[in-house]
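Scrolling down, you'll hit the structures one after another.
What follows is a pair of complexes built around subunit A, which joins subunit B in one and subunit C in the other.
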Partner chain A sequence: MSEKSRAERAQHLRERLNNELNRMSLDQCVKCTICETSCPVAAVTPLFSGPKFVGPQAERFRDGDSVDHSVDYCSSCGTCSVVCPQGVNVAELNSLARAVMKAEHGVPIRDRIITQTVLMGQAMTPVAPLANAVLDNKLARFAMEKVVGVHRGAPMPTARTQSLHTWLKKRPAPAKAPTRGALVYFHGCAGGYFEVDAAKKAIEVLEHLGYEVLVPPQGCCGLAEQSNGLFEQATKSVRALVKALRSAGTDLTIVSTAGSCTGMLKHEAHEILGLHDTELADVGTRIREISEFLMELHEAGELPTDFEPIKQRLPYHAPCQLKSQGMGTPAFDLLRLIPGLEVVDSNATCCGIAGTYGLKKEKYDIAQAVGKPLFDMVKQTEQGLAACDTETCRWQIENSTGVRTVHPIVLVHQAYGLGAVTP
Partner chain B sequence: MKRLETDVVVIGGGSTGLGVVRDAALRGYRAVLVERVDLGQGTTGRFHGLLHSGGRYVVSDPQSATECAEENAILRRIQASAVEDTGGFFVTLPGDDPSYADQFLAGAAKTGVPATEISVAEALRREPRLHPGIQRAIEVADGSVDGWQLVWGAARSAMSHGAKVLTYHRVTRIEREGGRVSAVLCRDEKGGEDIRIECSFVLNCAGPWAGQIAAMAGAREVEVVAGRGIMIAMNHRIVNTVINRCVYPTDGDILVPVHTVSIIGTTDIHESDPDHLPIPRDEVQQMLDAGEAMIPGFRTARALHAWSGSRPLIKDDRVAAHDTRNMSRGMAVIDHSERDGLTGMLTIGGGKLTTYRLMAEHIMDAMGDQLGENRPCRTADEVIPGSEDRRLYAVTHRLEEREADRLDDPIVCECELMSRSMLVDALHAQPNATLDDLRRQLRLGMGPCQGGFCAARAAGIACSEQVADAERATGLLRLFLKHRWIGLWPILYGPQVRQTALDHWIFAGTLDVEHLPHPEQEVVR
Partner chain C sequence: MSDVVVIGTGLAGLTAALRLARSGRSVMLVTKGPGGLQLSQGTLDILGYTPERVERPLEAVAAVASDHPYASIGADAVGAAAAWLAGALVPELLVGDPARNLHLPTAVGALRPTALAQPSMVAGDAIGGRSYAVVGVRQLKDFPADLVAGNLARSTAPDGGALAASAAWVDLPARPGEADPSPLTYARALDEEAFAARFARAVAAAAGPGDVVALPAVLGVRRSGVWRQVAEVVGRDVCEIPLPPPSVPGLRLYEALLALVRAAGVRIITGSRIVGRTLEADAVASVTLAAAGGPRQLRADAFVYAPGGFESGALEVDSFGAISEPVFGLPLTATDAGPLIPATYWGPHPLFAVGVRTDAAGRPVDAAGAAVHPNLYVAGGLIAGAERWREKSGDGIAVATAVRAADHITGGTR
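Showing the complex of A and B:
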């Protein structure tokens, strides 16, 4: 990109952001510091000045060229906005400031690569054993850290030999005819390529409940691009996804196992990317995170609870980007319906990974320090298994504790007698 | 009694006085400035922060317009660190007469004020919060200027040329020998002693108080009409460009982005006592309405602080005494030798902060005329200390500075990003300063929390740095909070109420500031 067009894009973005309602919300800040005491990043490193500092405070000093590059130490976990009692959109302000900075200064190649999740899945699936071997190889990871800037210790997804859509094409038709009508299923990039097992099981649970599950071809929600300040790319991604999800029907409930991507569709694309598309609003209104959906059924008395017991203690972590959806922790409530299952809430703010944050070599140690209380808790309570709603958080927990970590739906699947947790 | 001897005593530590003492020093006169309180505590610290392009006066006052345009360019050159190049728009709001813009452009061309009409779309692109229904937009070279940085810069310049600047020195008497001024007597309010300054000339730059000073010298009454105006600082920069309403000058027609806030102003009401300037509720409402007319949603934005300032207009026979709006903004120099048979004293009034340097040049020329000397003015060419790099101020500067030192230097005032070392340096340089004195120089407590979080920290640091004992530190804190309150109560609505409640809980509930040990006599300065 030429310098001139970069400057123009940055200026354009700054002009837009100056007029954002998010920016207006800084007027509500009374400096109480609750966000700072809740911020998982500021708690472990002085490199991040804290959400109040880089958010409502620094924003009053911003005009034109970015000068506070440390805003990039924000992991975008969104905790500050959740805890703010005055309604300041702290995390949103930080994301916008970072986007302007990235537009001015350019985005490292590394950040462009690690946000291309669909591409990674497409490339790795056909050569899964080889890809996994490479990602397990210390020398290869060392080279990757040096050349690309992805920390050698950071969690990497495991490639699968079969994508979800290949499985969908090859599997026999569901045995039971649907009794409850159709749903659209949103699996996210991870569900399509890496977390295929959880995605399959989600489909099987929904079918078991009597739904016809429509799975339109779908791409990435753009969240990773957005949190890396690549707003234009993120906008394209989320709009394409909205179109794909609407292609399966414009009045069906959309059910998702991609916890953080659900938040992107529900509120982040609107609040951070500034998209006011009615189509996005439509999808955002119809989408339910899968545990949220099942608990809504439960509250309506429509969820069968003929669960087989699972006698186990299970550490459960509700990810930061799930909490920011303002729906409580439905997976925690859902798992507690399973007899014998002793679900222990991690009560941890964040695992540290925050999408792609903890992959970066300059942030890896911070991310590990952020996640430490969670890792300790998992290690102390686990009996071979932990649960968490979002993919990258599961990889982070597994990588840092050695404890197999699954999507909560996998346990629901087992409790319905649809199959045991597979290794 | 302490004695000093000098050529010129300048009375008044506002922009006029500092401009004059600098000019005098640069012309080689020995000069002493006396100010009854701190620098820039009167009119200079109570304006809306506008560095005029001249645009506002192109129709109503062409001479002022030209002077503003010229001085605007000079200040950017010599005092860059006090000036921000915000640019300005004159916009025709829905319902305003669009043909006024033609008069405006014609006036601008005649007066040499740079002005270019831009498209409404361009204006809205650059300032998206402007009323979308604006009819026309003209771009001018408005800026914003920090009055305190301006006067302190001029003070440093004057002092570097041998001048003395004595703050908290209240004039108690002006002595004359026959028809000539011979000495100025002052009370050093902080040091508690009297001081006699023998001089051959007195320059009365006391602004709204100039009439009182002239009376001390036994001059016939100089009628200074205090034209009071209120201003309200909003919590953030709602705009980054000065927004002027393109109409004949009226109330509430300017919104200025200054530092981290935007200031709406102002009204113009005749007041008799410049020491007691009210901030009436109806005028607050009037300003919010005026802001709303330019920026839809303005009323729902957070107001931070309100204040009242007084224009020092010398009464002009051409207009009625109550009509301060239409009194000339041009400066007036009163030569008491012709008027009162008193030589060695000049009184100056009128003018505006943008033209402070030019006013000083005029008064010094008038002094030279009376003395029969012709020393050339050098103030337009010499760069003021602190602006040697000629880098104009930008709102991002403090954020940039804290980005560099944040890991080593704690931040005391979070809202205005004032570091601990900034405060400590100032405390040691001015150990007698009140927190308000430091506020004017450092912006301590001028942000959203209005001292709620930083004032106690600052008082504690004054104590730990052994600049004040515990009792005085408490006294300083209480004085600071009292002064903040004056500007808070008139705008207590919306988020600022919540802030003020939280601040009150902190001070009254947690710190019990009303019952801390404090000096026998309340700290007042």
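Showing the complex of A and C:
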């Protein structure tokens, strides 16, 4: 790309930063420090001086150049915006400020690679055993750290030999005819390529409840690109996804097992990328995270709770990008409906990974320190299994604790008698 | 669906949620942010000024004007509510006697009356003849040890006796390379035993003359008893003095109450505002949660509204001076701010006494004194009749009105 286009891009982003509503919200900051006390990154490193300092305060000095580069150490977990009692969009402001800074100073090639989740899935699935062997190889990971800047200890997804859509094409038609109408299922990149088992189980649970499950071909939501400051790419990704999800019907509920991608569609693409498309708003209001959807059924008295007992203690972690949807912790409530299952909420702020943050060699140690209280809690409470709603957080927990970590729907699937948790 | 939806996680909302859950009710607690408790001093004020300084708060509660929030509750119930909350906090976090005020040094060396305080603070109670060895930390800007000592030394204790104080400093970075550490940075460092031991040795070496070593309130946030560890090394009593936010004692109290609420099985939604309600006849059927991706209705049999007052945006004043309560549209004791804002900063500010008037159960009432909704209760800063920050009555009002609402719901409607 030419220098001119980079300057133009920075100028465009700066105009957004200066003129959008988020900018006005910084005047609502009363300097109460609640975001500072809640920030999981500032708690473990002085390299990030805290969301208030970097956000509502430093923002007033960003006139002409990005003076404060510590914004790059923000992990985009969004906790500051969740806890702000005055409604300041701290995380949104800081994400935009980082995008401006990256547009001015350039984006590392590493950040362009690790955001390509669909490409990774498409490339790894046909050669899954080989890809997994490479990612398990210490020498390969050492080289990857040196050349690309992805830390050798960071969690990597496990490639599967069959993608979700291949399974969908090959499986026999569902035995039970639908009794409750159709739903659109959004599986995310992880459900499509890396956590195919959880995606299949989500479909089987929805079919068990009587829904016809439509699974249109779908790509990435662009969240990883967005959190790395690649706003144009993220915009393209999320618009393509919106189109794909709408292709299955424009008045159906969309149910998702991709917890953070759901937040991207509900609010982040609008608030951070600044997209005002009516199609995005349409998808954003129709989509439900799967536990949220099942708990809505439960509240309406329409969820069968003939669950088989699962006698186990289960540490559960509600990820940041689920909490930032401002709907509580529906998976925690849902799992507690299963008899025998003793669900223990981690009450931890963040696992540290924040999408791609904890993969980066210069941030890996910070991410591990952020996640330490969670890892300790999981190790103290686990009986072989932990649960969490978002994929990269599951990989982080599993990688840092050695405890198998699954999507909550996997346990619901088992409790409905649809199959045990596969080892 | 829950039995009760409680809105707000300040002292009032947390107290109401805890009391309800412990009575066996299913509770949903909803809040935009964590509320003001973690910005507070981490103590429990009942009544500090009337405007004279109060030594026996419950006696003063019994004598408040008839439009004060305490008037319809009574001194016994206020004392019982405070004692119940203190008793719920295990391990002990609030100590003292609701009937007698402590007078604790502030971060500028003034004396502040409060009823219940944290065990790490009470050795600072200003009793005539007491002397303080004030020790500051060079890297911590919010605790000016010389100012604290100077002001204490020229103050008279409430019993008429004299106070004495010395000032000293320690030089001990909590995190290398950090230019502007917050009190919380120190508290987190002091959660580590090794750093606390180094800190204690530095304080022991530096402290000047005085019976009580007065330190900034940073003695641990998660690990309890750090102050005892320091006192043992120093060989004298230690008292913590709360700092401006981030307030470590406020965080301790907030996190302790939140943990109790969670342990009692309360479901919690953080990060979304309540923006409206639906009605069935006169009763509130649901409140509207402005979640990401669109509004969600939270249904319940009863609702406790504990959102705070002007400081949290629960009461609004627009550019024409019109005062309103935007969520439920509740009747207020005044609707025009103009005449209520005086020219003098130090004078009474009647605007801050504006709010919702309630019946004896804690339900908002209209001009005729009738409950607006049979199942809507209010607690804390929204209630009219007190200028809390001048009186130092906000904590006691929050706790007493929360307990009143909870007890009416569990005893009256079910």
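The working rule: the second predicted complex is superposed on the first by the 423 of 423 C-alpha atoms of A that agree within 3 Å, B and C clash if a C-alpha of one lies under 4 Å from a C-alpha of the other, contacts with A are read in each partner's own complex, and residues count from 1 in each chain.
Operating definition for what follows: contacts are C-beta pairs under 8 Å (C-beta built on N, C-alpha and C of every residue); 3 or more make two chains touch, one makes a residue touch a chain.
A quick note: this is a predicted structure, and the numbers were derived from the prediction, not measured.
Of the two partner chains placed by the overlay, subunit B and subunit C both lie in contact with A:Gln86.
After overlaying the two complexes on the shared chain, residue contacts for A:Cys32 are found with subunit B and with subunit C alike. In the superposed pair of complexes, A:Asp63 makes contact with subunit B only, with no contact to subunit C.
By the touch criterion defined above, A:Glu15 reaches subunit B but does not reach subunit C.
When the two structures are aligned on the shared chain, A:Lys52 is found in touch with subunit B, with no touch to subunit C.
By the document's definition of touching, of the two partners only subunit B reaches A:Met24; subunit C does not. Shared interface residues of subunit A, touching subunit B in one complex and subunit C in the other, are 32, 46, 49, 86. Contact residues on subunit C toward subunit A in their complex (touch as defined above): 1, 28, 32-36, 38-39, 175, 177-178, 180-182, 184, 188, 245-246, 251, 262, 267-273, 289-294, 296, 299, 312-313.
Considering their complex, residues 15-16, 18-19, 23-24, 26-32, 46-47, 49, 52-53, 56-65, 67-70, 86 of subunit A touch subunit B.
Listing the residues of subunit A that touch subunit C in their complex gives 32-34, 36-38, 43, 46, 49-50, 81-87, 263, 265-267, 284-285, 287, 299, 323-329, 333, 345, 347.
Put simply, subunit B touches subunit A in their complex at residues 125-126, 128-129, 235-237, 240, 260-261, 297, 301-302, 394-396, 398-400, 402-403, 406-407, 411, 414-415, 417, 447-449, 452-453, 494-495, 498-499, 502.
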